[in-house]
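You will see chain A twice below: alongside chain B first, and alongside chain C after that.
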Partner chain A sequence: MECVFGLVGNGFAIVVADTSAVHSILVHKSNEDKIMVLDSHKLVAASGESGDRVQFTEYIQKNVALYQFRNGIPLTTAAAANFTRGELATALRKNPYSVNILLAGYDKETGPSLYYIDYIASLHKVDKGAFGYGSYFSLSLMDRHYHSGMSVEEAVDLVDKCIMEIRSRLVVAPPNFVIKIVDKDGAREYAWRESVKDASTA
Partner chain B sequence: MSIFEYNGSALVAMVGKNCFAIASDRRLGVQLQTIATDFQKIYKIHDRLFIGLSGLATDAQTLYQRLVFRHKLYQLREERDMKPETFASLVSAILYEKRFGPYFCQPVIAGLGAEDKPFICTTDSIGAKELAKDFVVAGTASESLYGACESMFKPDMEPEELFETISQALLSSVDRDCLSGWGGHVYVVTPTEVKESILKGRMD
Partner chain C sequence: MARYDRAITVFSPDGHLFQVEYALEAVRKGNAAVGVRGTDTIVLGVEKKSTAKLQDTRSVRKIVNLDDHIALACAGLKADARVLINRARIECQSHRLTVEDPVTVEYITRYIAGLQQKYTQSGGVRPFGLSTLIVGFDPYTAVPSLYQTDPSGTFSAWKANATGRNSNSMREFLEKNYKETSGQETIKLAIRALLEVVESGGKNIEIAVMTKEHGLRQLDEAEIDAIVAEIEAEKAAAEAAKKGPPKET
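This part shows the complex of A and B:
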């Protein structure tokens, strides 16, 4: 099952997602990137039905870009989160998207932030959040080890603890994870944690 | 599993002497899992009117946004704040609009009306108003809250005593409900000030 989690540190926010694309019992690929770079200083880690995940996050990404083109300034993280929630809420009673989202961003005025948006459009600003079966492990580990103002090293250490726990305790644990970070210098990929490499084509 | 019990909530409002108090728990959960312990369920409409929304969190947020929108429009047109009784009717109408596809919320409305007379009411998810002279409750812990409030309530309490009473009623009720709790959020509103407090209860 898909594992997505994230936390806010000292001047940065970090999100982690597994990278398996699964269809029933078959693993299509194990290097699927589920964390989209929304704009220069925002990340969207999404989990759920793969069609909805890709379509919905791309829709949000393009609309966030459109706002920036029209208005000359980028959306704040809170505004992007509320826009996302609005789209999910509007679709909820017509044609719901089955996508859970952790939206991480960095704003110059307010610093890093993380928003928990579940598939029925409940929005909440959090310091740490997680979705999926992996959340049963990662949330508890983060409750134990998290404190506000963690450094990048401490946060990545906690992330690795969560990944180890998921790998060892979840029955259909995804083997590979991608870690992305957003801080004042922007949103970027931080690292991959691979235990199974995709078979490379000739 | 009822859709009203998906996120978990506890809300109570009580009438005092020229004042009222409205309190909620702080848990945001997804069925058995707790997501956050600082989730806001009571919103200010204006300085003398508060609404608490229990039930499904997404509908509470949507409903709150719609109500604030309608109130802001009212303020622009009428150049004054809405009376609590009027606002309660507005909430009731908006809920009944969705009679065959309702918002899964149960609101608790509390305000100071004309001559600083406190007003409280609750509605069900399709807008049936329930006015009360003493207290109203909503949420997954509502049965416990009814019992606690019935035994602890006295008419014409001063703000300090009202705060104590509503806090004790809330905390003792949420302790019997696994889906609500993780502290309390209390607003005590008098004609001159609004006092907001956070309660620390059993954090489970």
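This part shows the complex of A and C:
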């Protein structure tokens, strides 16, 4: 029931993930941030087994940081994506990770990019991508409304359309979503879309 | 005595580990390095021996980052330094991965010193031929620290220290002139210590400044030249003052 999707716009890439942490029929929390800031200009939106998700993305994050210290310059988005895919591929026939990843990044020379990396280590550079049951809805909507070079407003509008569609059409739709964006100024949180706040004591 | 050089696992009859002492000799032949701890700034300085004209100086970085908040300078065998620095960088990230916290300066110093010690007690290996000066700000307390390690694997914390060539003169200077400083004063103190043993000028000195907010910043030649000029001016003024005001006849 986890929904992750994203798209590339004019000088930026945007990724959206649901924020529910679910175990069988219990929702542990509905404000789990599944989009990790990999480094200053990269975002990793991940869905799948929560243990694997955290373990794998943190491992990638620390290795990306190590590369930067060793070499004095950060990895490009393409290099980070290929490294991630390589790690998934190596583990695949021994100890596979059940994690699907959308890696969004901005490089000064090549601009924004989005990579689709699934749990069996496929790697595709895409303009728009999605994982999970929500992808049935978000991909169709993005196919209909996406065009290259969208502005931030247009992209967020499309994202909101997708979220509305998921909320209304998916039987166990996650209530809350987080939106993060990466552009020349870096990777950062853009907004949350909450329809249910965690119950808290007065 | 020559018989006790070979395998470093062997003590000499009078309790020396000669390989370790020879490694310390290698350090004494290495370029001068100095570290000074201020209240909000820590400065590392390294002597730059005359660079070959055709060499790209940017590829010879003597003061390096181990993590966002930790830096290292060393004196001795540079190839050994590369290996040690690589291991330390991996450990910094590994620590962040396992405990979700950046390392403290003491932790990574203990790790590097531990590594250096291991190579004094293993078969078929020689010790690392370098002493390191490790500086940084601890993650949550923001306490500045300066540590030194040596080939034997000992380490300790310092307010200011020097290693490499002529380290004794530099240390003497620091002992005489050290006082609690901050910001620009700390940088000046480090450069003054280096100038005791190095030809003056931005071309012969490499300086890096670590602050809590901005991490490690390498000073460029122009900046160093400016500070050196300031120091020379102060020295000249002090000399003139010593000679006393011209006597009225």
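Criterion: the second predicted complex is superposed on the first by the 200 of 202 C-alpha atoms of A that agree within 3 Å, B and C clash if a C-alpha of one lies under 4 Å from a C-alpha of the other, contacts with A are read in each partner's own complex, and residues count from 1 in each chain.
Criterion: a contact is a pair of C-beta atoms (placed from the backbone, for glycine too) under 8 Å apart; a residue touches a chain by one contact, two chains touch by 3 or more.
From a predicted model like this one, the values you see are computed outputs, not experimental measurements.
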So, after the overlay on chain A, do chain B and chain C clash or fit? They fit
Return first, second, both or neither, reflecting whether A:Leu139 touches chain B, chain C, both chains, or no partner chain. first
Touching partner for A:Ala89 - first (chain B), second (chain C), both, neither: first
Give the angle at the C-alpha centre of chain A formed by the C-alpha centres of chain B and chain C in the superposed arrangement, rounded to the nearest 10 degrees. 100
Should A:Asp118 be classified as contacting the first partner (chain B), the second (chain C), both, or neither? first
In the superposed model, does chain B or chain C contact more residues of chain A? B
For A:Asn10, is the partner it touches chain B (first), chain C (second), both, or none of the two (neither)? neither
For A:Gly129, decide between first (touching chain B), second (touching chain C), both and neither. first
Measuring by CA atoms in the overlay, how small does the chain B-chain C distance get, in Å? 26
Could you list which residues of chain A make contact with chain B in one structure and with chain C in the other? none
Residues of chain A that touch chain B when the two form their complex: 85, 89, 92-93, 116, 118, 120-124, 126, 129, 135-136, 139
In their complex, what parts of chain C are in touch with chain A? 61, 65-67, 86, 89-90, 92-94, 96-97
Once bound in the complex, which stretches of chain A touch chain C? 58-59, 62-63, 65-66, 69-70, 72
Residue set of chain B touching chain A in the complex reads 7, 28, 30, 33, 35-36, 39, 56-58, 61-62, 101
